[in-house]
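Every chain is named by a letter (A, B and C) in the order it is written, and numbering of its residues begins at 1.
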Amino acid sequence: MNGLSVEKVAKSFGGLRAVAGVSLSIAPGELVGLVGPNGSGKTTLLSLVSGHESPGEGRVLLDGEPLAGLSPDRIARRGLLRMFQLTRVFRRMSALDNLLTAGRALGLPPRGALARAHILLEELSLTRVRDLDGGQLSGGQQKLLEFGCCFMRPPRVALLDEPFAAVHPTLKEIMAGSIRARHREGQAFLIVSHDMPVIAELCPRTVCMNAGAVIADGPTRAVLSDPVVIEAYLGGEGA
Amino acid sequence: MALARSARPSGELWPPLVFLGVLAALPLLVGDAYWLGILIVSMYFALLAVGWNLLAGYTGQFSMAPAAFAMIGAYATGLLARDLHTAPWIGIPAAVAAAGLVGMALGRVVMRLSGPYLALTTLSFAEILRLVIGNSYEYTRGDLGLGVPGLFEGRLPYYYLFLGALLAVQLGVFLLLRSRAGLFLRAIRDDEVAAASRGVDVVFWKTAAFTLSTAISGLAGALYGHFSQLVSPELGLISQTGLVISMVVIGGMGSLLGPLAGAFLVYLGSEVLREVGGIQLIVFALLVILFARFFREGLIGLARRALARRGA
Amino acid sequence: MLNLDLFINGLLIGLFYALMAVGLTLIFGILKIVNFAHGEFYMLGAYAYTLAAQKLGVSPLLALPLAIAAGALIGWITERLLMRPLYSGYSSWGLMRDEYAVVVTFAFSLLLVNLVDKVIGPYPSRGPPLLNLPKLILGPVILPGPKLIAGGVGLVVIGGLALFLRSSLWGKQIQAVAQNRLGATLAGIDTARASSLVFTVSGALAALSGALLAPIINASPDVGAFPAIKSYVIVVLGGMGSMPGSIVASLALGVLESFGAVYISYDYRDTFGLVILVLVLLLRPHGLFGEKGRVV
């Protein structure tokens, strides 16, 4: 069974149940949005999938293989790559080196990695700043760079955590365009975002979480107009 | 694009090569055994500095134990020679392996630590080791020192032996940094979590850097042992590590030439200052503070900037 | 009973250790760094006391406050000159502030040791006792005079410090900064001044410890090495920044060393703490993930 499969996953921190029995699956090539008020457990769910947290209950499967106990780097090499909410780039390495690191870590040969890096730089309009250190880039450029690092070798599923947050509209467009293009090529995505218009425009399917549980999962338009979802955002149990 | 290409992080190989080349030719000018000895000890420190720079400057792990691993190397080859009568050409690689193995174990174990925790743990390890060796006088002769067989008559052969080792290590480090390892180590230094998320096997590479660094220290110690023919726990004193750190900070962390130049500058400088009145450590400590406070890239970094400004 | 004597003496030494280490704990609490020059503050206190009493002919009771003042001064200087880059924003070390602190305080420690060695000389000298207190004998327990003074002063000072931190305005500010630096700034607290105060106090306390021990040990330039290591052990054992924790850890260390010197090995008595330190650092879930909270 291909794709990402999350089965009855739960995680508690101290007394707080951050994720409570979540099940969802993403088939190969699906572009899925993940929404929900603050504190609903979206980022924790992403961490449980990417290996940064381990589930208290339940399991995560990638193409039928359980990911239990694997470290984040091994999960990444298996094809599950993730962007962080607080952008992380290698600040004292050039943008090009940032991409090369990701590419070589994922197994690309030197020349292949270099070629691919140049393609990505071009696609993300970062060629101009190719030799600048990661720490010298603007916030939006850093986000684009981190985004690019996820695609040095097309992952089986790309997990994006708030990729559009605090990003200049132009750069937002570049990223959205890139997501669309890759989706057409068959890339699967799970995108966490608060930016409803972009989710509505990009993702055919959306999952909504609240207080650690999934409260809606279906075609985006239906989910976003679901009264339960609206209630959650307007001040139900969530934020 | 008008943006100046910053110096390649792996550094150019030619500055160190030129430097080593000058060193190779130096005995033609300096025949005096005393100064040859000074230069040899400088090369000992240069080896330690290069190894420490790999760990701290490139991977971000500030270990306080380089001198302790040199001590391991020196004692390993000395004890092997005394008890098993091993020839030096077996003893020295064995010492390197010993230091590397202990380093691998320590590195694996301090993996999760950073900053002050790492410093404290490695410092404690170094001190414990030094105290144990010092106190085990039935076996190691403690503070009296352990005799180690010499290799050659005269200092010149030692000079070229050390130079050869330095050249080999420098080349090895250069090739390593130019490969994907260089990217991974620097990524780990900048952001370990991000590195793991991109697929870098952090555990493996951190351990590898640690092991390599300690192996280099072990090599330095073993060679020094055969040169001075007497090793004592003083090799592993924290102040020795302090010297190494000073050399790298002043020379410039994160560059190839930095540790080399720093080692020679500091050690030769200390010889000169010794004449003036024994204030060398004071001066160097001050310099380290100044450089750490204001010029993190060290002398080499300053030189690079000066050259870049001249419109290179 | 030998054990009771060992235990009480251990506690006494532990009180003294607490005095020695609490400053380091405060510094870690506020700045999240380890001051590698801490042992040298101690050393300077010992020297200040000894020199004031011997060379200046000052009475020991006056030499003590002089030593404290010297320590306070050096602590203040350290913070002012070296520590600013940690939080003033300017630093060519950028993200590697921990490593900067390690290198800079380590170098400072080397500087101080060699400066003293050069200026005053490496020959060890013993300071005059503070008070001529004979040893106190309580049943089976023998408490030597100087140790009693050291422990007693330790108790009083620690008590005073705890009171200060809990009740005074400055003390509360320090606690606030230790818990959340950014938040404290937003609340209007002058964090630089808090850091300065903490370093000054730390220097003063370390110098006081050095002065108290000067009559017992010979003051030499590297006399600060072992107290420093023991202080590190205490800070880590006590939970890195927790004052109650370090007090408990100090007492524990004192007792452990006391018993260990007799039952395990006298030669290695100084290494017990080191071994414990290594074990604690390795087994406690510290480092990158545990200490800095949730990763993502």
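FYI, contacts are C-beta pairs under 8 Å (C-beta built on N, C-alpha and C of every residue); 3 or more make two chains touch, one makes a residue touch a chain.
From a predicted model like this one, the values you see are computed outputs, not experimental measurements.
Chain centroids computed from C-alpha atoms place B closest to the centre of all protein C-alpha atoms shown.
More C-beta pairs touch across the B-C interface than across any other pair of chains.
Comparing the centres of all chains, each the average of its CA atoms, the largest separation from chain A belongs to C. Taking each chain's centre as the mean of its C-alpha atoms, chain B lies 31 Å from chain C. Centres computed as Cα averages put chain A at a distance of 42 Å from chain B.
One inter-chain figure worth recording: chain A and chain C are separated by 47 Å, centre to centre, where each centre is the mean of the chain's CA atoms.
Counting partner chains per residue, chain B has residues 190, 193 touching two or more of them.
Taken residue by residue, chain C touches two or more other chains at 95, 295-296, whereas all remaining positions touch fewer.
Multi-chain contact residues of chain A (touching two or more other chains) are listed as 52, 84, 91-92.
Of all residues in chain B, only 56, 60, 62, 64, 109-117, 119-121, 123-125, 127-128, 131, 135, 190, 192-193, 238-239, 242, 245-246, 249, 277-279, 281-282, 284-286, 288-289, 292-297 touch chain C in the complex they form.
Residue ranges on chain B touching chain A, taken from their complex, read 1, 3, 5-6, 9, 180, 183-184, 186-187, 189-191, 193-203. Touching chain B in their complex are the following residues of chain C: 28, 33-34, 36, 82, 85, 92-93, 95-96, 98-104, 106-108, 110-111, 113-115, 118, 225, 229, 232, 236, 267-268, 270-271, 274-275, 277-278, 281-282, 285-290, 295-296. Within the complex formed with chain B, the residues of chain A that make contact are 50, 52, 71-74, 76-77, 81-82, 84, 88-94, 97, 100-102, 104-106, 110, 128, 131-134, 149.
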